[in-house]
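One chain, chain A, appears in both complexes that follow, with chain B as partner in the first and chain C in the second.
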Partner chain A sequence: MSVDFSLYNKVFENRIRLQIMSVLMANEGYDFSSLKDLLDVTDGNLASNLKTLEKEGYITVEKSFVDRKPNTRYKRTDKGAKAFENHLSALENLIKQQYK
Partner chain B sequence: MNQQDLIKEIGNIRSLMERSSKVLSISGLSGVLIGIYALVGAAAAYYMVYGFDSQFAYRDHYVTEPAIIRNLFWIALTVLLASLTTGLWMARRKANKAGQVVWNASSKAMLLAMAIPLITGGLLALIFLSKGLFGLIASTLLIFYGLALTSASVYTFKEVRWLGLLEIVLGLLALLLPGYGLWFWVLGFGVLHIIYGFIVHKKYE
Partner chain C sequence: MSVDFSLYNKVFENRIRLQIMSVLMANEGYDFSSLKDLLDVTDGNLASNLKTLEKEGYITVEKSFVDRKPNTRYKRTDKGAKAFENHLSALENLIKQQYK
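Right, the complex of A and B next:
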């Protein structure tokens, strides 16, 4: 019984990061405060996980001002989308493996 | 990680993808209420124009009289405002119950998608009103409302798409059968909303 772990992605082992990526897969872009409301996490927690994803090159950050208030928008990159899909395949394989 | 955890995790991802991109706080029951308001409004409009002694199909008034037009306009506006208030209030309640906020990225996107056809249709109807083209108003509003719903449906329940398409069909039929505008409104804004509301309520609530 051998499981292919090459697709499994350590970055997504963190639940918040996996959730952020799910949201960015389903939407063109998402802003910080909406993301915070949706995931129900603290500013610091969300920011540090976003930073990690950005460093990996999985998401891009766009800063602008809306009504003079800072607005930060996040988008997935092609690399991030590929990594997310691979990670999901890995999870799927794990499940299939356990059914055998 | 065991299998149960994995399955839960994937379920979690699915629900998050859906919650983040769809507006699910629209209440089905508010659709039923909105349909009832439309029926009440239509009944008021009917009695205003046709009067109570209409068994011989004689009208008490014609829709071209300025006082009648003004009253019909106020009835329509009242129904519209009551419907918007009910819809928003019940959406808010439903969202609060689910621990979510009404005003999120997807509801903003949905409103924007609806705003373009709705404002266009509204302005077009006002132009027809000012030019005395009363016969075109009922169908115009139905068609543009249907267009607004179909473009909003990307962001919410798929039933909204069907509601929108049916409104468009009714609007086009209303254009083919002039003089029956009120009945098409009864069907489009009243009956269809009630049916839609029940379906969404049964299926999702």
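Right, the complex of A and C next:
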């Protein structure tokens, strides 16, 4: 009757990180300003959660200039994609358990 | 392309609280020692997360004696059940979004 939570990932407990990763799974890349608008969070909150994902090796950061303005772009890594899929599996198991 | 996270509940971000609530949805009531064995957590960790759920009004606590030994039993409230169902809906939406 207990759900297998071995795939549950503490990194994705946080709502903002869950959302960032969800966006980066659906898109090849996403820049900081667009992520900020989409998730409706402060610069500091977004930056700190992006940093956590980067430290885990779940996303990569590319800094460049677009029309002479600095642009910071984020992409998922294969490791991040796998970890996120595992986490969703754990959540799916939990949901299935409820409706059994 | 963004997922509706309005039903996402910070109280259930924590894995232990998610598991406690999952158990209390599937069972009318559960006692402290059985929860501890099931979730494989320390007394302190379990007690602190149960307290958080109790403060939110999501679970109730019943203290009694069984065979002259103190027994602490937890039950979900209607408010808790509703909040948990809403949270699972938010997670379900996220999962659906990924496999679309």
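Note that the second predicted complex is superposed on the first by the 100 of 100 C-alpha atoms of A that agree within 3 Å, B and C clash if a C-alpha of one lies under 4 Å from a C-alpha of the other, contacts with A are read in each partner's own complex, and residues count from 1 in each chain.
Here, contacts are C-beta pairs under 8 Å (C-beta built on N, C-alpha and C of every residue); 3 or more make two chains touch, one makes a residue touch a chain.
A quick note: this is a predicted structure, and the numbers were derived from the prediction, not measured.
Within the superposed three-chain model, A:Lys10 lies in touch with chain C and out of touch with chain B [touch as defined at top].
When both complexes are overlaid on chain A, the residue A:Gln19 reaches chain B and chain C alike.
Looking at the shared chain after the overlay, A:Asp31 reaches chain B, while chain C stays out of its contact range. When the two structures are aligned on the shared chain, A:Ser48 is found in touch with neither chain B nor chain C. Of the two partner chains placed by the overlay, neither chain B nor chain C lies in contact with A:Asn71.
The contact surfaces that chain B and chain C form on chain A in the two complexes overlap at residues 15, 18-19, 22-23, 25-27, 38-39, 88, 91-92, 94-95, 98. Against chain B, in their complex, chain A makes its touches with residues 15, 18-19, 22-23, 25-27, 30-31, 34, 37-40, 88, 91-92, 94-95, 98-99. Put simply, chain B touches chain A in their complex at residues 1-3, 6-7, 9-10, 12-13, 16-21, 99-101, 104-106. Taken together, the chain C residues at the contact with chain A in this complex read 1-3, 5, 8, 10, 13-15, 18-19, 22-23, 25-27, 38-39, 85, 88, 91-92, 94-95, 97-98.
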